[in-house]
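Labels A, B, C, D and E are assigned to the chains in the order they are written; within every chain, residues are numbered from 1.
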Amino acid sequence: MNLFRRLSNSFDHGVHPRHHKEQTEHLAIQRLPFGKRFVIPLGQHIGAPAKAIVQAGDTVKRGQMVAEPGGFVSVALHSPVTGRVTDIGPERYADGTFREAIVIEADQYDTQQMDVNPIDWESLSIEDFINEVQKAGIVGMGGAAFPCHVKYAIPDGQKIRYLLINGAECEPYLTNDHRQMVEQTDALLYGAEIVRQKLGAEEIVIGVERNKPDAIKALQDAIKPGQPARVMPLEVKYPQGAEKMLIKSVFDIEVPAGKLPRDVEVAVNNVGTIIAIADYFQTGKPLIERVVTVSGPGVSYPANLIVPLGTPIREVLDYAGGLTEETRQVVLGGPMMGASIADLDAPMLKGSSGVLALTEHETGRPQEYNCIRCGRCVEACPYFLNPARFARLAKSRMYEEMAETYNVMDCVECGCCTYSCPSGIPIVQHIRTAKDHLRSMKGKVK
Amino acid sequence: MAKSEKQAYDEFIKGIWRENPVFVQVLGMCPMLAVTNSAINGVAMGLATCFVLVGSSFLVSLLKNLIPKQVRISCFIIIIATFVTVVDYSLLALVPAIHKELGAFIPLIVAKCLILGRQEAFASRNTIRMALIDALGMAAGFLIALVSLGAIREILGEGKLFGVPLFGDNFEPWVIMILPPGGFITLGFMLLFFNWFEEKKKRLDERAAAIEGSDI
Amino acid sequence: MGDLGWIFISTLLINNFVLAYFLGLCPFLGVSSKLDTSFRLGLATTFVMVVTALCAWILNTYVLIYAPYLRLISFIVVIACVVQLIEMAIKKLSPALFRALGIFLPLITTNCAILGLAIFATNRGYGLWQGLVYALGAGAGFTLAIVLMAGLRDETEMSDVPTMVKGIAFNLIVSGILSMAFMGFAGLFSAS
Amino acid sequence: MTQRDPKLLIQPGPQLRQQMTTPVVMRDVWYALAPATLAGVWFFGMGALLVLLTCIAAAVLTEWCFSPEEKRRYFLGDGSAILTGWLLGLTLPPALPLWMAFIGGAVAIGMGKTIWGGMGGNLFNPALVGRAFLLATFPIAMTTWTSPGDFFTIPASVFAMPLMHGVVDTVTQASPLGLMKFEHTSTGFIDLLFGNTSGSLGETSGLLLILGGLYLWWRRDLDWRIPVGILATAMAFSLVLFMMDSGKYPGPIFTALSGGMMLGAIFMATDPVTSPLTPRGTWIFAVGIGLLVVLIRVFGGFPEGMMYAILLMNATTPLIDRYTQPRVFGRGLDTK
Amino acid sequence: MSEQQQAAAEPSSNRLVGTLAVAGLISGVIIIAVYLATFDTIKENKARELREAVFRVLPGVKRMQRLVIKDRKLVVAHTEEKGEEPIYGGYDAAGKFVGYAIPSAGPGFQDTVSVLYGYQPAERLIVGMWILDSRETPGLGDKIYKDADFVANFDHLSVDPKIVAVKKGKKSKPNEIDAITGATISSKAVVRIINEGNGRWLSKLPEPGAEPLLDKVATAAPKAVDAEK
């Protein structure tokens, strides 16, 4: 079993949902026209919210910094358009909550040219490099929106041997990383080289699932002789893109629980993140737009779009032909990890890799039955946890046992268990409840 | 005196129903399940237990002021063991056939916490009269439980009651009832029935209370 | 009759003290759904059983042939005293072992399986070695039954057993099923 | 302006589910059982069919009576009660009086399932609880095997009055296992494979049962480790014995094809509810069954050990599960 | 015990020991009284049981006596000694030796089965079998003593080369018995137990004709009782 997995470059367990990528994988990336109103939430990344440095009424240029980092684990925000700040205040977020945001009205007559310059990265010290990345507002584009520069701040005594680029894109429907690898191959390799040199890594490894042969080929062709980089084709399996799984698949190393990739001398970045870094140092353009896959059976014209951040989701969907009658659900991100949203006027964020419109067929929930202990969830969990046990224990509110005996805190909520359960048990939901409870208990004790 | 009559009556009845040692307290089951595969065995075991219980309760409450606290448990056990030995020999002499079936389990009456428990909880703190009444009540409850258990197992297991065939020659006996699993299962279902009954009663009571309450 | 191996298998599986003789039911049904506790209770019981078998053999051989009527009383007294002594000895000699088994020892003394063991071994006319193997089998059988039961109960604590059944009634019925399953061992090694 | 779109659902993730649901799984098992059942009915006639239907009816009726009202629809709707009755029916002698079959079905569901809290709560295979109860209750009727006979002749014993003996008027014949155990006579391999032997409905046609198992495996409804583990262990064990004394002990092929081995290994030991969750546990479970079957068949008091082997291993399942938790990813590594 | 007494000072250990001793004494007295009162009846019951069994397995026998091996010789022994394994000799009214009643035991379907069987050395035949003790399944295994047909198997059954149980109705040789349908195991257990008993005893028995003579002195004793009593 293990040998087999090694030969096919993969980790153990996981699931094989139909990937539905055929809708968009051949569509070249298009640019979404600028809209009128942009909402830039201050806390759209993990860590401290950014601090606004503009006021209502100010005019801003496209690419101009509008908020500075609110701490070390925080990044700057930039205006996606040239226009005027109309408001700074609570705005509705995709999950229905209100958060502080900067609202910018686009200048309809502007050409939206940017006034930025390339940066000479080669002469930068590592500290300055980290500062620049933070200033560029770059966060992980793989979904978590974790400030990128924090990953680069390697503590003394540790080093990075491999820069691992996450091109797995295991979530169904999404093809934005795929298209970027095909169309922006050089930028990707250039960005990778910047990060590699700055971190002093020996090699760049790009992990790509085998269902993107054109991306694999493009990358292989583009790697210049002498560049320490290679492409690693991976088995098509969810969650191949979860960083610890990826490291397992590529290097056959398990990142110990509670440790970070850097503890095994690896830095992991998403394709989009690296391209954003390349863009910034090549042209000076900070992170003001991202590639988004609009797909699913609920949209008429699926597409891969460059979306200025802050654009309302509705405009993205409208560009793709609007929602069809059958649409029951809109998901931000992939269908496995992504959250379903009800407010289409919420803005697109740095971490929004996809907008999916799903119909009853995909989202219909089966009748919930009692757990039949079939073990499918156990054999799906890439973390080798026991989700059936979680579901049972959570039902009896035995949260402590879940943590002490069964390591519930190691769960990354990848959803494989819920996906594979024939009894329709929302296991991940139970797990989230348990984790919330445990966290609040821990808070109380301290 | 009426009050004490009533009290005595209550003491007696509680052993049979409210605090039935088997069905409610679920005590002293071990030897019971092994030997109650027929009604007659149930009677024999029940009577043997009754004799020990009543006899030792009597003696304990008689001697309660003479026995120092520190050695009371040992004394109780000696008293109980004495009665058990008496029963053992008597059965062996008088009804050897029954002794052959129960024999090995009779000495185990000593280990039943039911009996020691009654001495500790009741006989050593009460008058001889009350101790006797309590013991009789508990013993009656125990006897009833054993006999009904034995009867059910015998009826299904052999088609007989006290050895009298009930269903004619063609009856297909339910062998499991006289085997060990039958003991577990029968008592399990009897307790289930007891629970069901209690629950039903409680629900009725609650409803009655609710109706009363609504009147006000 | 003297085949030690058969005596062991027979008391362990075929004539399991709990599932076929209903001995030691109270700890079996009542004590715990904690595996660890059950296992240690089982070990302690086995230990006391072996000691009891030894005492019973000594009594039978040297005392009771002269005074058979003292059988019950002497068994009880001797078992109680010996367990007490062992408890004290373990406490002195091995605090670790005492922590593992000690708290169960007094509980076990009043358990009918111990007295039952002494009586049954006597009734069967077992000699010293036979008696010891019998005790070992009975103790192992008790441990097996109680550990299986603990596992089953631990698992069902999380399922929605109807309230009416929950408790002793449920445990009894489960024991019935377990006892039924153990019937599969009947006739083992005696047929061929 | 920021208006919640009324048409859109908010659901916690993951949004996708695979297509398999519990009722579909159960129905798959029906389909897998159907060919072997039809063959059995063909061999043993209408009487056997009546026994089978009675078991199913009793199981469904009991499920209906004792499941809590609010869950009744789902409990019945998942089709597992029918499956329990069906599997029980397949393990009974074809000439068993119907009233006994009815009791079996009722006990299977009542004692095997509802008191445990219904579907998924039980720790013992319900069909086998029913069968073990019947075997211990009516040992003679349960070990009276008839030979395959005329399709339309129904043995009179089938219609015995409730609580009364059945009179067996057809030819009784020891099952292949009984012949082996008590007379050391082996039955031909071809007969075993195609099912033309005396025994219960589901004991007969090894071939069709294997086909059913392959179907379930293909549908991913069944943990392949269990049948494979059981058969491999049992065959290896009996091979060892066979090599020691081939006159006394049955060979591995006979062991694999006779009695309830196939039905048990493919359809009963694999009952997901009562088998371990973890892959490693599943192996232990399977090996345990394999060993116990041969132990009971060869050294024990019963010609057939499958039922007891499965029930005994069911009892150990919670322990197995507990002690075979997989090593959590990233834990228990020897880190410096 | 009242509150005041509980609060009173600890009783001395002499008092504790004394109380226990008195309790022991009283209980001892009661037990011995009962023991003595029931002693004869119990002894008589046991003897009767044995007697009945012996006369059942040895038809035509009027008197019996207890025999043990001493110094490799079979001798009469009326009093029990530890570690002895007795068999019983049966004699007809004229005092002529008829056969032995041999006890043997071994595992059955559930638990140990104890068998007593009658053996006639002259013709090397089993002439009767009785189950002293068993825990076989009621309705199945208990047929080894409840089923008259099965018990009848053991009349004039040859022990050479050894007894064999065959499926019911298939009995054809003098050393074969019909097993009970549905209780094959118990049937075979009985056969095995008898074969084992034979293995233990037959070689130790004296030549036919040289059996111990009926002990005239002991006739009245409970060990060799007149059957007509």
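Going forward, a residue touches a chain if its C-beta (ideal position, glycine included) is under 8 Å from a C-beta of that chain, and two chains touch if they have at least 3 such contacts.
Every value quoted in this text rests on a predicted model; they were computed, and no experiment measured them.
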Which neighbours does chain B have in common with chain D? C, E
If we look at chain A and chain C, which chains touch each of them? D
Once you count every C-beta pair in contact for both, which comes out on top, B-E or A-D? A-D
Report the most central chain, judged by the distance from each chain's C-alpha mean to the global C-alpha mean. D
Suppose chain centres are the mean of their C-alpha atoms. Which chain sits farthest from chain C? A
Chain-centre distance (mean CA atoms) for chain A and chain B, in whole Å, is 70
Distance between the centres, which are taken as Cα means, of chain E and chain D, whole angstrom: 45
For chain B paired with chain C, centre-to-centre distance based on mean C-alpha positions, whole Å: 23
I'd like to verify one number: the distance from the centre of chain C to the centre of chain D, where each centre is the average of its C-alpha atoms, in whole angstrom. 33
Counting only residues that touch at least 2 other chains, which ones in chain D make the list? 111, 117-118, 120-121, 133, 136, 139, 301
Touching two or more other chains in chain C are residues 20, 69, 73, 159, 165, 170, 173, 176-177, 180, 183, 186-187, 189-191
Return the residues of chain E touching two or more other chains; collapse runs of consecutive numbers into ranges. 27, 31, 34-35, 109, 137, 139-140, 185
Touching pairs - complete list by chain label: A-C, A-D, B-C, B-D, B-E, C-D, C-E, D-E
Residue positions on chain A within touch of chain C in the complex are 370, 392-393, 395-396, 398
Residue numbers on chain D that touch chain C, as the complex places them: 68, 111-112, 114-118, 120-121, 123-124, 129, 132-133, 136, 181, 248, 292, 295-296, 298-302, 305, 307-309, 311-312, 314-319, 321-322
Chain D to chain A touching residues, read off their complex: 1-5, 7-18, 20-25, 74, 77-78, 117-121, 223, 272-279, 282, 325-331, 333, 335
Applying the document's contact rule, which stretches of chain D touch chain E when the two form their complex? 139-140, 143, 182-183, 301
Chain C touches which residues of chain B in the complex? 26-27, 29-34, 74, 77-78, 81-82, 84-85, 88-89, 103-105, 107-108, 110-113, 116, 176, 179-185, 187-189, 191-192, 194-196, 199
